[in-house]
Amino acid sequence: MKLWQKDASLDKEVESFTVGNDYLLDQALVKYDCLASIAHAKMLGMIGVLSKQEVKDIVAELNRIQALEQAGEFKILPDQEDCHTAIELHLTRELGELGKKIHTGRSRNDQVLTALRLLYRDQLQACRSAADKLVAALKQLAGRYPRVSFPGYTHTRKAMPSSIPQWAGAYRDALGDDLKLLATTDRISDQSPLGSGAGFGVPIKVDRQLTAKLLQFKKVQKNPVYVQLSRGKFEGIILNALAQIMLDLNRMATDLIFFSLPENGYLELPSEFCTGSSIMPQKKNPDVLELVRGNYHLVSACEAQIRATVANQISGYHRDLQLTKEPTLKGFATTLASLSIMALVTANLVVNKQNCARGLTPDIFATERAYELVKRGVSFRDAYQTVARDSR
Amino acid sequence: MKLWQKDASLDKEVESFTVGNDYLLDQALVKYDCLASIAHAKMLGMIGVLSKQEVKDIVAELNRIQALEQAGEFKILPDQEDCHTAIELHLTRELGELGKKIHTGRSRNDQVLTALRLLYRDQLQACRSAADKLVAALKQLAGRYPRVSFPGYTHTRKAMPSSIPQWAGAYRDALGDDLKLLATTDRISDQSPLGSGAGFGVPIKVDRQLTAKLLQFKKVQKNPVYVQLSRGKFEGIILNALAQIMLDLNRMATDLIFFSLPENGYLELPSEFCTGSSIMPQKKNPDVLELVRGNYHLVSACEAQIRATVANQISGYHRDLQLTKEPTLKGFATTLASLSIMALVTANLVVNKQNCARGLTPDIFATERAYELVKRGVSFRDAYQTVARDSR
Amino acid sequence: MKLWQKDASLDKEVESFTVGNDYLLDQALVKYDCLASIAHAKMLGMIGVLSKQEVKDIVAELNRIQALEQAGEFKILPDQEDCHTAIELHLTRELGELGKKIHTGRSRNDQVLTALRLLYRDQLQACRSAADKLVAALKQLAGRYPRVSFPGYTHTRKAMPSSIPQWAGAYRDALGDDLKLLATTDRISDQSPLGSGAGFGVPIKVDRQLTAKLLQFKKVQKNPVYVQLSRGKFEGIILNALAQIMLDLNRMATDLIFFSLPENGYLELPSEFCTGSSIMPQKKNPDVLELVRGNYHLVSACEAQIRATVANQISGYHRDLQLTKEPTLKGFATTLASLSIMALVTANLVVNKQNCARGLTPDIFATERAYELVKRGVSFRDAYQTVARDSR
Amino acid sequence: MKLWQKDASLDKEVESFTVGNDYLLDQALVKYDCLASIAHAKMLGMIGVLSKQEVKDIVAELNRIQALEQAGEFKILPDQEDCHTAIELHLTRELGELGKKIHTGRSRNDQVLTALRLLYRDQLQACRSAADKLVAALKQLAGRYPRVSFPGYTHTRKAMPSSIPQWAGAYRDALGDDLKLLATTDRISDQSPLGSGAGFGVPIKVDRQLTAKLLQFKKVQKNPVYVQLSRGKFEGIILNALAQIMLDLNRMATDLIFFSLPENGYLELPSEFCTGSSIMPQKKNPDVLELVRGNYHLVSACEAQIRATVANQISGYHRDLQLTKEPTLKGFATTLASLSIMALVTANLVVNKQNCARGLTPDIFATERAYELVKRGVSFRDAYQTVARDSR
């Protein structure tokens, strides 16, 4: 029995196809839907739809559901379709008629968005913390090797001397800019959709400011058509901010794989971070870095799916919007795991000073030699040509 | 304990990060890895690495694993990492020293590719069958309404008369072309990688023709460097063929949503195929079609992930290639489910002849009127201008 | 003769392949490279590399180049490869030895980034203005039809009553959020790369604060490795902000195509905004809206190209980064043109009040009827079922 | 004056926006549109719409247009919008009333598709030839160094010995599989759309077999709805086949950049294939390879644009389909140039035998050592552990 179900029963194959794995994904939303429903119930109390006692009973039951869920005892069934149905059915079973009133003044459309955005807020906060930890690990790495020079590359060819603090600082600054993007993303996403109904408001006067305040949203997303229009759009913006982080990790991982190539040996990954081969006994492979590298493409693909899904569609909810849920959750989980593992890797990186020094071969100082001529009065372009001739 | 493990223990967070959900995904590969290992064991028997009895014992045990798996009793554990480790450990546990010999003459690299390609072959065959069923349903639809005309659209504006058979025939032909692409895809993918080792052959003489024959591969993929280079490449080719099918379904679903719009009403979706709204009691929504539409973007994103993962990489295996497994499996599952549901939808579509006739408003015959003038000797361009003037 | 050329001449096919169409694209950068070179020359004067007179002469010549370019008389030749070479060669031809000194303390790497970011700043400002104009047009549209209700849709099915101001307000708010993203994007991109050399600094002490101030950059991008790392990254962030705008336009265009469908007729596009068919005399097609819709995918593809190009690469400049130039310029041009045309379309939209009223068929009021029962004390879920029964 | 124009003049900004750069792109189609129009005219002669003399006159004039175009003297003007209008206007200007008859029995929709597919056929043939040349260069490279071993890598770490012929053979085989895909692509695309009108046939009886035969199409694409549905679809299939080629070139270029890293030095790129730096006098950079690497992402983005543009759209022509023209042409041009330059690079590659030998360090033979134990009767897994212990 679903929220929208009347008497015609849904074709079984259609039912299974439309539900998909939504009932599994929604397990992560139970907590947030309870929080949102509590705020909604309190508001219904304030505007006189529910009595004080009814509010009290509903809130108690919603808190109980949260506790059950945390204990692994609140399981959404496939035929319940999603957490919203599961929760409303639970309330009706436990509270009778009262349960049938909880959906007053809302639609599943604004309800699911509310739960999702509460989850996004927590996840964005978690990403921020994880990024901060990586930034700290990078600073600490620079602090451990404050004066170690090693080759900088352009075109995958030695170019000019770089240093461990310079290299680590680059990724620190990149993450710093990502955090600015993340903050704006959070500011955009942190708007309360609750009370916007199915995208065209609800026919009773609900207090949207109150529910927004109870749920600590930064503001009410007033226009109900925009609420639905922002489904997929906000997720795309969030995923893009995550993808920017992942891009840094992708390049950092690629650097580490290259710098720790035994032929270079500037950096070393501890043995307990390396995996081996089933056929080649000598191998120490940087699988952890390769997976981080690949995770950028995973998160990018999640973003691409979302962005293509919503395009070429008229405004208003469409069921394919629901397909944006899985890639969003996956994008968060992948970014968090990748940030966390890279902080661990960074904290355990060993710089091989000898190899770094050995890598600074004479060719890498050609630009310096040209500038010595410049300091003696030669024009830069002529100095360049002179050194170039000598390099051959 | 993993196949490549020596004594250094892997950092726990690194272990969990690198294994990811691979041990769950690999459940689908147990059957295929057993089949491949049976062929490999038989070949090892032929070249004298295993005795006849050893081959017999190993084959028996591998068959038992398949039976266990089918009964849901062969579960890969997280610390086993993948099906290959789980199977080898099982063999060693049951058969002692003999189990340690099964990996002779192969690497996990060619082993996993062999299992995957056997799975691809089955899945491609399943896609072909599912596409055939949809083609049959489209033919049957055309047969049910052989003479029903309804408006054809260009620019989402009525253009000229079309018909149900013409419309259904378009998707039938599109799927026909997709099947050609699928056949070529299958022909490319159906090469035996077994015996190519980690990408550079193995140091003993294995009989690659024999294992290929036993596993009914169309040919041996001879060059071992190409075997590894084709990881991700073949998956991209396969996913693209699936995405072509999904594109047809996407457009077909979009057509059906538009043609069954109550304002048009040319087609009707039975009630048991429609879902409702949690707030609006009157709604009958084509969720099933919307999800099919969205699934195109899901499959496309799976393809995009694979194609971006393998680029800008030197040849030879990299661990991020493993991340191509999940999107490939998901691409197959999504395409199969979508083909199947669209065959069901097509079989149950009802054409509303009255609405079709009503839709054929006078403007849709403007081109015909111009051609009547052409038949009376007016040049086409002048006839066009004459009718255009009259249409205003 | 190129900046980096010594005596070995480059293979002709290689030269043509590597130059590509860069010399054409760079025409747009001449102005910005002159501005950056003027700041650089002034700084070289301040640190004593150039005399006051030399600075004066170089600045005068760079101003002359800008004037020539505006008059269409400064053309970059294919064998000059890019605007930087063309400008330095011009300076050396006109000023002799002095021209050979301008490249002191910089590399083409930081030089091109400086010119690009000055261009980005102007283009981002132009996008903001264009978005503001569309926002104004949407407000004005809402003001022209303050009380016109028309059907709101979910699942491409009539749902509940919406209104012109509600619809226009949704896109206004969406653009408002995009402008926040654009502002953050600008804040991230507006960092001075000048003086970071090829990614590892320059061997003489340059005053980066001074050039940044002269060019009105918000800050110096201090870490030179990050400067190169941000090539492609910043472009990706910018393109994503543009893509967010384009997504709104895509959906707005899709709405307009649907709402102006003659069968609906809620909105009308004036004749002088419609194109026709070469065969069907009656057609009035919304090509302009269809192209706006398609332009979202164009801009998204530009973004995708950039993001995939830079991934899986070690830090430091690579020549493929140059391929990010064309999609970035195209992304800007497409977004600007699309915003501008949509402001024009919006300003000229005609709402057909009669058709809007006619569209509000009884089914669209089902939710309201349920809420009338709620107001009379029926629980929402029971009220819903009652109205659902009556709707059948 | 456009083909579809009546008296209302198009808003100037709308006109400029809708025409875009189509009139420039269409220059490449003039030849093919003339060929298609000749076949169409001959067919109109056969079915009695044109007299023999009229056919002769039109064919002569169309041949003259082709000659003019080749001489650079047939320029499509912006207000003519596309080659089809330019050609029809030219015919009407030169041949009077007769020119107005050429559009009988066709629409611009099937006309443009016909010209495009004739171009695709030529371009696919050119790609095949270019791929063949690269295959030949790879074979020749293997032939020049038949016995040179050098390190094979997995995880960007030395793994086991590989060889120049093995490496070259991998890309040869990959291109071989791509050619199969290209052949199927050609077979799918090579269907005649001429006579299908705007997607719903034409109201007079045209002989589609005849025009198909005259234009040497493999078959008639019978279903007119499918003809329009395949716009964008076929382009996507073609671009995907090109992208598969580009993926090989991407990985081959990445290999070459890595193998020619001075630290490895297995391969050398001649000086006249390398470019330099504007600041670092010593640099020899593999720009040509980096651009080939980047071109994969360019072609992939072209494909992505096309595939996203057509999705979520009902069947029948939409103007955004026209935006698929530029990425298709760009995809062909980029693939052709990349194949050609890689054949040149391959032909000029120098293998440094000394560095190859020096690269074969002892660790690379660990697997061989394990197999020596296997040959002496140790189980593979125990042999592996023994060698692993010795490697530490």
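All chains are identified by letter, namely A, B, C and D, in their written order; residue positions are counted from 1 within each chain.
Here is the rule we use: a residue touches a chain if its C-beta (ideal position, glycine included) is under 8 Å from a C-beta of that chain, and two chains touch if they have at least 3 such contacts.
The shown structure was predicted, so the numbers you read here are calculated from the model rather than taken from an experiment.
If you compare A-C with C-D, the chain pair joined by more contacting C-beta pairs is A-C. Chain geometry summary: the mean Cα position of subunit A and that of subunit D are 36 Å apart. We define each chain's centre as the mean of its Cα atoms; on that basis subunit A and subunit C are separated by 25 Å.
Distance between chain centres (mean CA atoms), subunit C to subunit D: 28 Å.
Counting only residues that touch two or more partner chains, subunit A has 6, 103, 109, 154-156, 159-160, 197-198, 202, 258, 276-277, 279-281, 283, 285-287, 290, 293, 297, 300, 304, 308, 311-313, 318-319, 367, 385, 388.
In terms of which chains touch, the assembly is arranged so that all chains touch all other chains. Only residues 2-6, 8-11, 13-14, 17-18, 20, 84, 103, 106-109, 111, 197-198, 202, 270-273, 275-281, 283, 285, 287-288, 290-291, 293-295, 297-298, 300-302, 304-305, 308-309, 318-323, 327, 337, 340-341, 344 of subunit C touch subunit D when the two sit together in their complex.
Residues 154-160, 257-258, 261-264, 276-277, 279-287, 290, 308, 311-313, 363-364, 366-367, 369-370, 384-385, 387-388, 391 of subunit C are the ones touching subunit B in the complex.
Against subunit D, the residues of subunit B that register as touching in their complex are 6, 49, 88, 92, 97, 100-101, 103-104, 109, 152-156, 159-162, 166-167, 169-171, 173-174, 177, 180-181, 183-185, 187-188, 197-204, 221-226, 228-230, 233, 236-237, 240, 243-244, 247-248, 250-251, 254-255, 258, 293, 296-297, 300, 304, 307-308, 310-319, 367-368, 371, 374-375, 379-382, 385, 388-389, 392.
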